[in-house]
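Paired with subunit B in one complex and with subunit C in the other, subunit A is shared by the two complexes that follow.
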Partner chain A sequence: MTEQFDVIMVGGGHNGLVCANLLAKAGKSVLVLEANEQAGGAAVTQSFADGYSVSSGAHLLYGLQPQVERDLGLKVRLAADNMSTIALSDDGKHIRIKGSSVQGVGDNDQAEMRDFHKQMLKFSSLLRPFLNKTPPRLGAGGREDLATLAQLGLKVRLLGKTDMRDFLRLIGMNIYDEVEERFSNPLLKGAISLDAVLGTHLGPRSPNTILTLLYRLAATGGRIASPAGGMGAVTKTLADSAQKQGVDIRTSKRVKQIIVDNGRATGVRTEDDDVFMSMTVVSNADPKRTIMDLVGTRHVETGFARRIHHLRMRGNAAKLHLALDGLPAIKGLDKKDFAERLVIAPDADYVERAFNPAKYGETSPNPVVEMTFPSLRDTSLAPAGKHVMSAVVQYAPYELKAGWDDAARARFEDAIMDTLARYAPDLKGRVVASELLTPPDFEQRFGMGGGHWHHGELTFDQFLFVRPVAGAAQYAMPLDGLYLCGAGAHPGGNVSGAAGRNAARAILATEKGS
Partner chain B sequence: MKTYDAIVVGAGHNGLTNAAFLAKAGLDVLCVEKNDYIGGAAVSRNLYKDWIYSNCSYVCSLLRPEIFRALELHRHGLQVTPYGGGVTFMENGDYFGTYWDSEVAHREYARFSKHDADASVRYSADVMRQCRFIRDSLLRTPPDPTSFKPKDLAELMHLGKQFYEMGEDRMYETIRFWTMSVAEYLDEYFETDVIKASMSGSGIIGTALGIHSPGTAYVLLHHYMGEVDGNVGSWGYARGGMGAVSKAIAGAFQAYGGELRTDAGVEKIVTRDGKVKGVALTNGDEIDANIVVSGMDVKRTFLKCMDESDLPKAFYRRVKNFKIRGSSGKLNIALDGMPTFPALPKGSPLLDGDMHFIDSMERMERAYDDWKEGTWSKDPYVDMVIPTVTDPTMAPPGKHFMSCFVQYCPPKVEGREWTDAERDEFGKTVIDQIGDYSPDFKDLILHVEIRTPKEIENEAGLTEGNIFHGELTMDQLLFNRPVPGYAQYRAPVGGLYMCGSSTHPGGGVMAAPGANAAREILLDLKRQNTVPENFGDD
Partner chain C sequence: MTIQEVNQRRLQSPFYSRLAEVDRLNEWHSWKGYTSADAFYDHELEYFAIRNSTAVFDLTPMSKYRISGPEALAYIDRLVTRDMHKIRVGRVAYAVWCNDQGQVIDDGTLFHLRDGEYRLCSQERHLAWLQAAALGMDVTIIEETADIAALAVQGPTSFSVLKKLGLDGIEDLKPFGLAHFDFEGTELMVSRTGFTGDLGYELWIEAAQAEALWDALFEAGKLHGITPIGTHALEMSRIEAGFLAAGVDFLPAEETVRPGRSRSPFELGLGWLVDFKKPNFNGRRALAEEQRRGSEWRLVKLDIEGNKPAHHSYIYAKKRGRLKQAGFITSATWSPVCKQNIAIGTVRVPHGEAGSSLWVEIYYQREMHWSRVMAKATVVDKPFWDPPRRRATPPGDF
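Our next item is the complex of A and B:
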């Protein structure tokens, strides 16, 4: 007998869990089908060497929305909050950035940083309310859509003449020109450039990189936190809360098809040929996988299929995990500094040069790195006295021209280790075990197409009204009964839970309306 | 001493257009030019024997037909002859041709890919729709979105209406079009590398961006929105070289009673009590005027010809940081005969148009990477034309003039000034590239003039040799051009106006900035408007 639910959730990533939870809270019977052995999607803590664990995917919290915690009545435990960023210099003269303050640079740069940060925060706060809202439709004329648009328009106008002009000028610009205009310290320019391009297929010179920076700031004003127990603990909290709400979570159940009957999604079929029926199917998978693989293009209109097909979601970020028998020595860093966020992006040109090869399907010979040593604040992750390093490394294009074979992986890992060794000469000797995850690995392990963390580039053409694609930005897909709730939907990536929450609200609002 | 109603600085096509419309309205106008010839970057020069070089700009399409008609440029000798094809030569000996005849074009696409042939129909329709949207704004003054003045609100409403009336799908399409990179945009239509490479060039000509940089799809538009004889998107040659355009506009200006003075470089724009008083020439002469209009780019106008203390601080900073980057070079070549291109049949109509030698997207983008590193592209994107195939007046019988526009070429080499040896090396790179596809080309060369941004700046006065007077990126378009709050042609000094390509709608031999500025000036003077604003053709 096929089981019947009100809602079936395809995939138990953090957004899926949030969405499922809220739907259950509203009285729905909800089934979550997760392909992996544990729920959490790319927000998981996994062991990669005997005794060593790490947040395999995302490793820092930039944007968990307070609304999500509030609505679910839970609190994520943090090992560290409000972390500093230390931009490493190979001569040991690092700079430290926390919000608007920066140490280790000249007075002029400090003043400019205060001004820059203030301005960016102001502009990002324009975007913030929209993170937790369904994007309006243009032209289709719902009253609520118009009200949301008017609200954005009004907010921009209320900035006042000077700020409004700056906003309209900056919003389309690249970060490179802005940091070159303002700052003189190369480390500062590099670190800000890195923030703007992390997780994207963009270099600092690419227009649109101010938008990506604003987006990052919009979530929590640029506060960076590290969850206790790794990212897996966050999704564990979310899963527990969902189950408490009555959500049925089944792991190791891979959905292979969304069943369409008479132009309506009516259920799903799993890899082991179980069938589950429901009036509503919500996909936490990325839009491409959802439409192209699970639904099948024959069930949707050609123009929509084409747009989904062209969705840009080729990942560029790799992760390197190191199990270490002790902390390495980095000139100019104290032990406690290792608990902060360390970045290698010595100047804006360095970041741009790292990006260049990615355009041609090659990895960066001198990559940019964002690293953390989470074991320093969280002893559960490594044996006593030992440590774990978790690093996001760019650029490692999903489609490597030569293919991601063992040689290519080894070459890239060597390039990263050589880069790290310039700052931590004794690092190589301390490595007990290592794990490199490339975008194809992410795709394979977490099911995110293209290994793209955000389920699609965060560029203007895939942002807000047009995320994931034009005409489908309101969570409802153009197939009755089918919704999208993952990072591919507005507002996009990072462990924020916003897409899941917005989707749940959109689903409930639709039902109320019909 | 005489006080003119207006002095226009620089006899480029925009300065002259502005001056012509002001004179047509009855003002007493003087146009001063630093060179001993007029035209700015729309110029024909006789630098070698009997050859005429279109020394800077080389093809014509963007010149607004409304301006052409309003100034009766045909009466002043301007003839634009459309040209047919174009070709991209491939490393494997094949080529991709572009044709105006849609059936032939379709067959050519299909030779590479049936899919692309079908996509090209959709592509043209989509791009033309974007063209119509933007064309409407060309002869309009951008609204100030921060202002509550009725005129600005009305203009904003107009923009909004244009946008809204497209319908939901088209609105999304427009948002995407304005923000995407040309590479990604083309990827959505085509699968063949050479076809994409051949089309992507229009997205980067004259800009310091690569084909993968977001925003370049719009630049594509900037090259498509022109027309010749009512054929939107077509390109042509001005008979007698691009100088014919300036000459005709100057003719109109003088016919309206305007006064033109060459060899009259401006040293300073003179102000008194926060108001413009006139100009001081490099030879020491001072000329008074109630209004000064600068056809120069904003950096030259405000940083070179004015004092910092004359200007509001925030404005000064914005002008200083205005992006106006040299990214293009030029080779003008006198040829002893028509070079042969063995890939094409003899007398192929494709030779009438623009020829390119980069056949892949990767090569296009790599050309940009070289520029970012402060050097000229080692495998450049060359937009090459031989106008004398269509217009025999530019060279002696049987001889030819070849113009090679080269992307990318930096204003300085790795941060220092160009040396002559480097300039020659740059020229050799281009000649070698062409030589690879035309075995007799090098032997036919009689004279070569190599222009890096430095030479272009020295000659035409374009800062860094930037052909558009400033990058065409979103932060410098529409109401952001040249500086937010100053997009309506008025400078922050009483009586001072801007009419060059640094202002909306930007560069290209379009003459729209000059015309729009004239409209605003006449409005301030409460004179009758002489500037056309409506499109008869859309």
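Our next item is the complex of A and C:
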């Protein structure tokens, strides 16, 4: 007997859980099929050494949307909120950035930073309302589509002449030119550059890197938080809430095929050949996997398949996790400083140079690093008195020219450890265990194609009404009954829940309309 | 550094030596890079060979793709709008294919050569699109334009010529059928297809055997009025047959830039090729929407008063007693065999219903001076020229 549901969710990532929850809330019977042993996708807390756990993917919350928490009636517990960023200097003269204020730089830079931050916030607030909305469909002439577009146009116009000119100048620009023009302190330039390129296949001199920064700010105004219990606790909260709402979550169930019958999605087949039927299938997998592998190109049209095939989603960020027998010593840092966000990006050129090898399929010999010591504020993550370091490291191209064999991994890990040792000379001696996750690891472990955290680069050509591709930006795929709800859909990556929430609303609106 | 020389000369078809030999006018043009003749000695006499004896046209420059593999049928069925499951081995299908917007990329013929093996023949080049359509499918696409030499052998005596050539069993070949024959140890594929609307065949062979085939064919046709023809004569006959020319009567959708310059199959009068019973094919969603909403354009065949060909003319329709612009002519000719002034054009819906009247503004020049007539035209829904001999099997032994 084949089980039947109103909605089947392929993959239980955080967006999938949010979407499933809202659909169940609207009265649907919803089945979530998750390939891994725990739901949460890449937003999970996993043990990597005896007694030590860490957020396997993203480790900081930049953008969980208040609308998501409100609609689901839940509150994510934070271990730390409004964290500062400390840009490390090897001579111990670090700078501290929190919002618009920055310590450790000259008066001029401080004033520029206030101005820069104010401007970025103003511009990012133009984008903010779009995060929690289905993007307008261009050329369709629907009243709501036109209204949404007009709203953006009007908002840009209302900026006034000077700001509008600046907005239009900056939006397509690269972050390098902007920080070089404004600031003199190299650490400040480096730290802002890092923010703009985190999780992308872009260097500070790549176009689009102001857009990526604005987008990050749009989510929560640049507020950085660390969830209690790691990112897994966030998705655990989401999964519990979904289950309470009646969502049937089954783990260790990998979907291998979305079944298409007579031109519409009608269910899924799992790797162990179970078949589940539903008139609505929602995919939390990335767009490429969804269309090219799970659906199969034969069930969609050629132009669409070609656009999906050409999606740019080459992951370039690695994670390094260290189990430490104690905190390392970093010149100029107190113990409490380890609870903040530490970055190694000593100047903008350093970041660009780290990116250079990635263009040619090589890892950075001097990588940029964003690190946290989450155990400092969250003792559940490490044995008493011990600590965990979680670092996002760039650049580690998905398609490494030499291939990601053990030697390549060891070489890259050595490069990271050498970089870290310049700031924390005693770190190597404190390592009890380590884990390096490269983009292919992310792909293998979490199913994200190319190991790309955002299910596709967030640049103008894959943004807003062309995300993931033109003609499919409204969550409904051009195959009846199939929807996309993950980071590959608008508004993209980060643990925000916005894509999942928007998708659920789009699905319910479609049903109402038909 | 060495400089690599790029060959920029016009290509020559494998029949070129024979074409050059019969040519008297030296009027050539480039057809997809190939040296092609407008006419060899007189385009009107060449035209009459199509209608009265046997005309031979070199169609090697047509795009030819070999499509094979376990999923060839599934691939083609998604590519084109009609149901390809109905086209058995040994049959040929006229088909159109569309982009996702339901706009025609091209029309052409699909030859079901063998089980799981097809040839697609079209006017425009489409390798990029065909390869994009192959993403995720177990199918091989080979461009064989230069490897396969092809001749159209068209006209009432063409059957007699091929029989004399020694093609046993050719009498059983029905319209849109194909068969393989042996020609001096090489496989010769013959299809009963053409672009003239008359009894006729197309011959397909390896390029190396092209000249031998030409020689044998002309030897066999000696007493049947066999004549090489250029594109002028062919153009007249294809308008009479009511066939569309890509780049003339419609533009390949992928080459248009301005909105509204491409056409759907419905707008080209090819709705009969669209099979919505198929769950998926390129353009299906957009075409279903168009069917619901109604089309913008309509292709019309016009029988025009007078004898002045309506090249490049505007078409007018009467609206509240006044003539309003309704469209334009894309192909026009005086038809010697029908004794009619005929044209193919495009008008905005709702104009152009079969049997309705339109007006065509014809400009013509006599001894430098230009004149203009407003000629009445009637919309016809049948080909201008469609003789019973085109379909007779076995064909008449003329």
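The rule we apply is simple: the second predicted complex is superposed on the first by the 514 of 514 C-alpha atoms of A that agree within 3 Å, B and C clash if a C-alpha of one lies under 4 Å from a C-alpha of the other, contacts with A are read in each partner's own complex, and residues count from 1 in each chain.
The rule we apply is simple: a contact is a pair of C-beta atoms (placed from the backbone, for glycine too) under 8 Å apart; a residue touches a chain by one contact, two chains touch by 3 or more.
Nothing here was measured: the structure is a model prediction, and the numbers come from that model.
Contact with subunit C, but none with subunit B, is seen for A:297 once the two complexes are overlaid on the shared chain.
When both complexes are overlaid on chain A, the residue A:138 reaches subunit B alone and has no touch with subunit C.
After overlaying the two complexes on the shared chain, residue contacts for A:356 are found with subunit B alone; subunit C is out of touch. For subunit A, the partner that touches more of its residues is B, with subunit B and subunit C as the two candidates. Shared-chain residue A:262: touches subunit C; no touch with subunit B.
By the touch criterion defined above, A:166 reaches subunit B but does not reach subunit C.
By the touch criterion stated above, A:471 is placed in contact with subunit B and with subunit C alike. By the touch criterion defined above, A:205 lies against subunit B but remains apart from subunit C after alignment on the C-alpha atoms of chain A. Residue overlap on subunit A between its contacts with subunit B in one complex and with subunit C in the other: 306, 471. Listed in rising order, the residues of subunit B touching subunit A in the complex are 145-146, 164, 166-169, 171-173, 175-176, 178-180, 184, 187-188, 209, 212-215, 314, 321, 323, 362, 365-366, 369, 372, 473-475, 479-480, 484-485.
Residues of subunit A that touch subunit C in their complex: 260, 262-263, 292, 296-306, 309, 471, 478.
Subunit C makes touch with subunit A in their complex at residues 71, 74-75, 78-79, 99-101, 129, 132-133, 135-137, 279-285. Residue ranges on subunit A touching subunit B, taken from their complex, read 137-140, 157, 161-162, 164-166, 168-173, 177, 181, 202, 205-208, 306, 310, 312, 352, 356, 359-360, 459-461, 465-466, 470-471.
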